[in-house]
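One chain, subunit A, appears in both complexes that follow, with subunit B as partner in the first and subunit C in the second.
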Partner chain A sequence: MAVLNIKNLFIEYLTKSGTVKAVEDVSFDVEENESLGIVGESGCGKSTLGTAILRLLPQNATITGKILLNGVNLLELNNESMRKIRGKDIAMIFQDPMTSLNPIMRVRDHFFELFKVHNPDMKKNEMIKIASEALESVGVDPKRLDNYPFEFSGGMRQRVMIALSIALKPKVLIADEPTTALDVVVQEQIMQVLKNLMRTKNMSIILITHDMGIVAEMAERVAVMYAGNLVELGEIHELYNNPLHPYTRMLLESIPNIKLDDMDLKFIPGSPPDLKNPPKGCKYYPRCPFAKDICKEKDPKTRKIGNRIVKCWLYGDEDE
Partner chain B sequence: MKMNEETFLKVEHLRKEFDLKVPWIEAIFKREKKTVKAVDDVSFEIKKGETLGIVGESGSGKTTLGRTVIRLIEPTSGKIIMDNTDLTKLKGEVLRKARRDFSIIFQDPMASLNPYMRIGKIVSHPLEIHNIGTKQERKEKILNLFEKFNLTPPEEFYNRFPKYLSGGQRQRVVIARALITNPKFIVADEPTAMLDVSVRSQILKLMIQVKEEFKLTYLFITHDLASAKYICDRIGVMYLGKIIEIAKKEDIFKEPLHPYTKILMSAIPIPDPNVKREKLMPKGEIPSATNIPKGCRFHTRCPFAKDICREQEPELRDIGGRLVACHLV
Partner chain C sequence: MKTYILTRIGLSIPMILIILTIVFFVLRVLPGNPVLAMLGPKAPPSVVKAMEHQMGLDKPILVQYVDYLKDIAHGNFGQSTVTGMPVLKELMQKFPATLELTIFAMIVAVFIGIFYGTLAAYKLGSPLDVSARIYSIFVYSFPVFWFGLMLQLIFGVWLHWLPVSGESSPFMTPDPTHTGLYVVDAIINGQWDVLKDSLEHLILPSLTLGIVTSSIFVRMVRANVVLTLSQQFITAARARGVKEKTVLFRHALKNALPPILTIMGLQFALLLGGAVLTEVTFSWPGIGSYLVSRIHARDFTAIQGTIVFFAIFVAIISILVDVINAWINPRVRY
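Entry: the complex of A and B
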């Protein structure tokens, strides 16, 4: 069963120099206990999408469409009800563990603040107990509850962030580039922590990243985004073995793989379009080696091919 | 000492220690200086036209090493012999003149270009400093380079400010600036770390292409082993200020010998869901460089550590043409 349904989501930012169409007509479901990866280049709208689910976007953003959590549309809730959902039903891990903890608060107080929002009457003993359990589950010694963030290394801080986000056992965890600021070895340790949580805590994870390697190891399904559009979505093995959208294909070919002997590096020529003034038709056609006439004129429809969702004119004609 | 004919750069027993600030009261009573040993007795050679990669975690000293080699940071001791001259002996005007021959590409293209200078000015700056060519010649040279680097139309880029350029374009400008004086040697300090996946390969390709054209020798610093595989001929692995393994790229990827190299290799995510990799995890985290463990500096995290590792520091030994510092190999 799906915990989270995103339906026809549009997000625009109003800026002085024009409207930025950051997310355009994106729909997908997140199943229970599933890990879904969202990948794409910087500026493709993947972080905007993740942040929008928690309604944490800046003032100049307008959202239309539906975000359904167990059937309830989050976009229709008032601020107070939304506050109750953040941290308890849906939680988020941010990219930079150095800046997402308050430097003048002890780790303990970060937990207490979170608990008080959801249950003002909670006893101190109980709060310490839950916080200790959360820290233990990510491999941090509960004794360190009294430490300040500066006393932790980058990897340990990210563990603390993860402990904070899972303390209230959310149903959905959004991880926005959780390991990008970290080293390979620490990244591996954090990925192990997330995998363990997935197995034991009964929650769904939305993993937002630009690293196709991390997605290959963590996710069960992948959504590929380009210039605000969801261009392909499918089961991880199917998508990696047989990418349908030309962008997915190029993205997969352009990553250096240490296991392959092939020494030819490929890259995607050109750069993503300006989202204030995107090209007419398919947004990828200026960089696409397979572009046809219709690609320049008309935005492709989103199609279902088997278990796969693809938005490309190479699959099916206009009238279908 | 004898220099091999084709050896271009030879670094011998290079050390860099940074003094730590201590509270004055401790300074009076303890009378001992605390230092961070960022580079701790490192020796290596690079042949002409070769690319040596230096890989390691943050805090392993790889950036300090790169900067010390071209004397952006003063070494504490050691020798840096480039083309038969010892760079550590050079001073003042002589050193400044020698800087024509070596250059650096920094990690963050957002921070390494002056936001108040136009691109043309940024790239012509090294030429002005070294008094190369007339104004017209300089401009021509730069426009040619821009053309080659796909910064087109070159005339337009010449007059732009850095903020109007994308990350990949900025990094190309940084590379153009590094190449403009026709240097022989370039230190590339994580040139692709701040860039997007698709742009990363573009920059790597460009670096490989200009290396042939300008007959360059690279010291390529990175934490991304996958990039190192594409550009390097040999790879040195650093841990807490020391090189613990150095070997040909093929050897290191096929069969890493040092346990730390093995761990680094197994930590790289592989973009193929069909491959299940064996995991090898280190214990805990990298120790502080102010307090380097006795014996082998990796023994605190090594899954295979024995008694001897805690007592005696292993030397770099030659094992079948490659150098490894480990008691167990």
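Entry: the complex of A and C
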């Protein structure tokens, strides 16, 4: 059963120089206990999408569509009801662990604040107990509750952030580039922590990243985004072995493979379109080696092929 | 924490010594002879000589310097060349009035600064924010005495709501005195009519000084809170469901406080010495008026004493600010 349904989501930023269409007509479901990866280049709208689920976008953003959490449309909730969902039903961890904890608050007080916000009657020993359990589950010594954030390394801070976000057992955890700011060894440790949590806790994870390797390691399904559009979605092995969309194919080809003699790095020529003034037809058309006439004229429809979703004119004609 | 405070105190001793020395020599180098200022330009040279000898001004300057340091080490700032009274005693008579005015002005300024500045930062770009920016530029450019006069005119002369000058009405001083601060003494003595009278006299001068000072605070607070509000831990706190009020004050403002407190501390010290214009405008019998009159009389010891007194006060306040900062920010403490 799906815990989260995103339906026809549009997100625009109003800026002085024009309207940026950051997310356009994106729909997908997040099943219970699944890990869904969202991948794409910088600026493709994946972080905007993640932040929009918690309704934490800046003031100049407008959202239309539906975000359903167990059938309740989050976009229709008032601010107070939405606030109560954050941290309790849906939690989020961020890219830069160095700056995501309040530097002048002890780790303990971060936990206490979270608990007090969602359950004002919670007793102190109970709070310490839950906080200690959460820290233990991510491999941090509960004694360190009394420490300040600056007494932790980057990797340890990210563990603390994860412990904070799972302490109240949310149904959905949004991880926005959780390892991007960390070195590879620590990156691997954090991935292990997240994997363990997935096995032991009853929770869905939305993993937002530009790193195809991390997605392959963590996610059961992957959504590929390009220029604010969801271009392909499918089960991880199917998608890796048989990418349908030309963008997915080139994205996978651009992963360097050290075993091959051919050491030249492959890349996708060109750059993503200007989202203030995107091309008329398919957004990927200017960079696509398979582009047809229709791609230039009309935006492709999103099609279901088996249990996969793809948005490309290569799969089906206009009238289908 | 204890070592931190002790180090801070230790560090301020050389600072005060340097100020002592500079003040001493600058006064000696500047034109103007205290004896001539006292006796008038037509005094016979023999009398001038005798007077100089009596005041120790004919000794070599280094000997005078050592005498001066000795006086301060003994805790008295020497005797006024004009009145012959110990300078410290005179200062202690005048200081409470200034301190009272400054404290109330700071309360006004900090209150306006913190709330207006924080809300403006929160509602960045809104009419409230624009009004805060206009307020701070506009008020900053007010000359203090002009603003004081306007308040006197409106609330004193036209509306007759408040007294326009002095620290109290006749026969309305607290008795007995404890601290010299009228408001505090009146409360201790339970003299409520005196308290009311003192507060009425305080309102206009402290509003004048407070509002003018608040312009700097509004700008400082706004700029610093804007900066902290853009940080990741603010979004992270919101993502945990923390209430907006808590996000704004506990997370954003508290992290923005260290630079703000430093400026406020300096401003407090500046007000103590710089309340001169306000004191003169409102005939406030404080240290500012005292210093002005003693400068006219070339009263070396009184000027030195006043400046040293301020220097020590500035040092104490900056230590206090540092201690508060260390208390807020663990990275300073550890």
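Assume the second predicted complex is superposed on the first by the 314 of 320 C-alpha atoms of A that agree within 3 Å, B and C clash if a C-alpha of one lies under 4 Å from a C-alpha of the other, contacts with A are read in each partner's own complex, and residues count from 1 in each chain.
Keep this in mind: a contact is a pair of C-beta atoms (placed from the backbone, for glycine too) under 8 Å apart; a residue touches a chain by one contact, two chains touch by 3 or more.
Only a predicted model underlies this, so the values are computations on that prediction, with no experimental measurement involved.
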Quick check on the subunit A-based superposition: subunit B and subunit C, clash or fit?
fit
First, second, both or neither for A:L164, with subunit B first and subunit C second
second
Which touches a greater number of subunit A residues, subunit B or subunit C?
B
Looking at the overlay, does A:Y148 come into contact with subunit B only (first), subunit C only (second), both, or neither?
second
Kindly classify A:L56 by the partners it touches after superposition: subunit B alone (first), subunit C alone (second), both, or neither?
second
Contact-wise, after the overlay, does A:P120 reach subunit B, subunit C, both or neither (first, second, both, neither)?
neither
Touching A:I214, do we find subunit B (first), subunit C (second), both, or neither?
first
Is A:R83 touching anything from subunit B or subunit C once the two structures are fitted on A? First, second, both or neither.
second
Considering only touches as defined above, state whether A:D96 meets subunit B (first), subunit C (second), both or neither.
second
Give one of first, second, both or neither to describe whether A:G71 is in contact with subunit B, with subunit C, with both, or with none.
neither
Now for A:P289: first (subunit B), second (subunit C), both, or neither, which partner does it touch?
neither
Where subunit B and subunit C come nearest after superposition, their Cα distance in Å:
9
Intersection of subunit A residues contacting subunit B with those contacting subunit C?
none
Note which residues of subunit A are touching subunit B in the complex, please.
41-42, 153-156, 183-189, 191-192, 210-217, 236-237, 240-241, 250-252, 254-259, 263, 265-268, 271
So in the complex, which bits of subunit A are touching subunit C?
51, 54, 56, 83-88, 91-92, 94-96, 99-104, 113-114, 117-118, 148, 150, 161, 164-165
In the complex, subunit B residues that touch subunit A:
57-58, 166, 168, 196-202, 204-205, 223-227, 229-230, 253, 263-275, 279, 281-282, 285
If you look only at subunit C, which of its residues touch subunit A in the complex?
231-233, 235-244, 246, 251, 254-255, 328-331, 334
